[in-house]
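Mind looking over this structure? Questions follow.
Labels A, B and C are assigned to the chains in the order they are written; within every chain, residues are numbered from 1.
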Amino acid sequence: MNTFSESFSVALGLITQGDATLWPIVALSLRVSASACALGAGAGLLLGAWLAVARFPGHAAVVGVLNTLLALPSVVVGLVVYLLLSRSGPLGSWGILFTPTAMVVAQTILVVPLIAALARQLVADALREGGDELAAMGAGKLLSALLLLAHARLAVLTVLLTAFGRAVAEVGAVMIVGGNIAGVTRVMTTAIALETSKGDLPLALALGLVLLGVVGLVNLAVGLVQRRGGAGVPLAAGAAA
Amino acid sequence: MDLNFLTLRRGALALLGTITLSAGLPVLAQGNFIVMASTTSTEQSGLFGHLLPAFKAATGTDVRVVALGTGQALDTARRGDADIVFVHDQAAEEKFVADGFGLKRLPVMYNDFVLIGPAADPAKARGKDIVAALQKVAASGAPFVSRGDKSGTHAAELRYWKTAGTDIATTKPAGYKECGCGMGPALNIAASTGAYVLADRGTWLNFKNRADLAVLVEGDNRLFNQYGVMVVNPAKHPHVKQALAQGFADWVVSPAGQASIAAYKIGGEQLFFPNAGK
Amino acid sequence: MTGLPPAVAAVAAPLLALQGAGVHFGAQAALRDITLQIRRGDRIALVGANGSGKTTLLRLLNGLLAPSSGSRLATGAPVTAMLFQRPFLLHFSVRRNLQLALWLARVPAAQRGVRLDDALRRVGLQAMADRPARSLSGGQQQRLALARAWAVQPDILFLDEPTASLDPSAKREVEALIDDFGHAGMALVMSTHNLGQAKRLANRVLYLDAGRLLADLPVDDFFHRTDLPPEAAQFLKGELPWT
């Protein structure tokens, strides 16, 4: 129990004393994962919407593969992206290995299946409710799907928060493609891994608490936005009025 | 299309993406820095936090350290993902140069390994002789944690076992366990299971989770751990920043660099002993 | 079929026609051999038992489905709109929902504001323009759906049991509006279970039984003739107490 209570006081100390190395690490975590979610949202929402309305031979197989990718281990993504971005790999000339850009790329790949799979389900459910009516008004299938995403925007926001949680909490991908370079590619999770391997467990746990606290603040801010803009808008997509 | 709710949403998303992406995008591959592949034990000793700022002050070059196991560090350099390598496994380093991946190998400094174990020392290994100590550990069947990760420390450990008459590849002593992990995690395991473990002094001095572990064997000549630096060969990887990397190699073996190494202390104790050109 | 003199019939060319059209879902035939025409001035009540194919016929007429056999012909690209039993409104304001409908119907941007305001006035929802559409009552939502239809100025308005889920006063409001639209020149095709409603609003009745069109008559003829097909006669007898 000592480690736990010690880590709480260490965490408090870190935050109140404004440790000079801590906040850049926190900021980088947020920037990398937020960027990955922004890019992932663009690709994932479109992919999910398209899959909800497209019909082609092998459609069920594609959806099956997508759902399987939900369980993609982050370390595997890291490894694959590393091999792609390595100087000896096909995209080596980009020269982005061991930079935050590579970390954004890896985390984007990680969250796209998540966002797409959940968006597909969202749209499919919403289509059952309003697909006919949108078609009657003249909307083509893909446009209907996109309109329904805008319609179910609170549920979409929850999907994006889920993706953000997955990204900001993962360590396997960013460790391999970022290299945990001090001051350049060190983020919260790789810092925690480092302190753990150095045996400084209270500090590692404290960093974990700080990470949770920061993500908690993000969720709080998003919740406020939801409430402010959502008078009369229910939280779940497809909830009948 | 004046459908502002949809475009507003998409536009905001795109803007957010661009801002955060550009914010997270520092310099690309161009810029006044080199990537150095080194080992986790060297990084965890804290040496780089002391040495690299001195180098930057002297030359203006940033060094970005990617800390891995020795084997992984050399592989990374073989792939061309680092400009310079700084590890401690002479045999592997010489092969690296012989295979054409590195320019000349320069010895830089040495530190030492120590045998760590429970203070109560059930195997009676305490002393100044590492080989005798390992023989006693094997004989007593006491638990022993090996990193098992092809690191420089692991390679050294296997060499000592061999000198002690045990070929780990064929026969492991009772109580011998491999974790496939770094120095810190291996020490963690030793601390919680009361096991013996071979560690580098730097990681040990920085290690905070000691439980009842203590240094049992030190000072044996054979425990010295030699570090070497090699610039990655631009003939194999033309993009390597040869000039900047050579700048580091030259500086670290120069009197200024060597003095900086000697000045690094933990709790008043010097960790690394410069021996360039010797 | 409608009993009009040939000269008038020639002028009122059909907006929409089905010729021997059928719809199959897998092995099941939902509609069989349907032949009918819709003209300006038509106010059609589509009646029949549950499962007789009313909704499928409406969707076929509106082009939401393609015929599995036979053909569907539209003359001069008629504009259509459709109302469903429970209107689907997006999680936006009343105004936004109307703007979306206008945009989807490709109404030129310059006209959208005028049409929007006109539509809201027509159904009496001006005060609600900025309220979330989903916060409206059932009757108000259906009126919004009518406004949505009015805004695109359809030649034909299809309605699938538009008042079935409404309370009596909302029902009256919505019926009044439908009547109003019909008088304003929209052709109406409305499925309904409520034969009183059919009598009040329609000038022509289509009777469907198990996917076949068994009767296509002016409203008075349908309700008062004695030589109706037996299924239709039975239907009327069974349903009349529900007026």
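As a working rule, a contact is a pair of C-beta atoms (placed from the backbone, for glycine too) under 8 Å apart; a residue touches a chain by one contact, two chains touch by 3 or more.
Note that the coordinates shown come from a computational prediction; the quantities given were computed from them, not determined experimentally.
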Return the chain whose centre of C-alpha atoms lies at maximal distance from the corresponding centre of subunit A.
C
Identify the chain whose mean C-alpha position lies nearest to the mean of all protein C-alpha atoms shown.
A
How many angstrom lie between the CA centroids of subunit A and subunit C, rounded to a whole number?
46
For subunit A and subunit B, what's the span in angstrom between their mean Cα positions?
32
Averaging over Cα atoms per chain, report the distance between subunit B and subunit C in Å.
78
If you look at subunit B, which of its residues touch at least two other chains?
5
Residues in subunit A with touches to at least two other chains are numbered 147, 150, 153
Where does subunit C touch two or more other chains at once, residue-wise?
92, 100
Going by the contact rule at the top, pick out the subunit A residues touching subunit B in the complex.
28, 31-32, 34-35, 38-39, 41-42, 86-89, 92, 95-101, 103-104, 146-147, 150, 153, 179-182, 184, 194, 196-201
Per the contact definition, I'd like the list of subunit A residues that touch subunit C in the complex.
129-130, 132-139, 147, 150-154, 231-234, 241
Could you pull out which subunit C residues touch subunit A in their complex?
59, 62, 64, 80-82, 84, 87-92, 100-101, 104-106, 131-132, 134-136, 141, 148, 152, 158
Within the complex, which stretch of subunit B touches subunit A?
5-6, 9, 13-14, 16-17, 20-21, 23-26, 28-30, 35, 40, 44, 48-49, 64-67, 79-81, 181-185, 187-188, 191, 203, 206-210, 237, 239
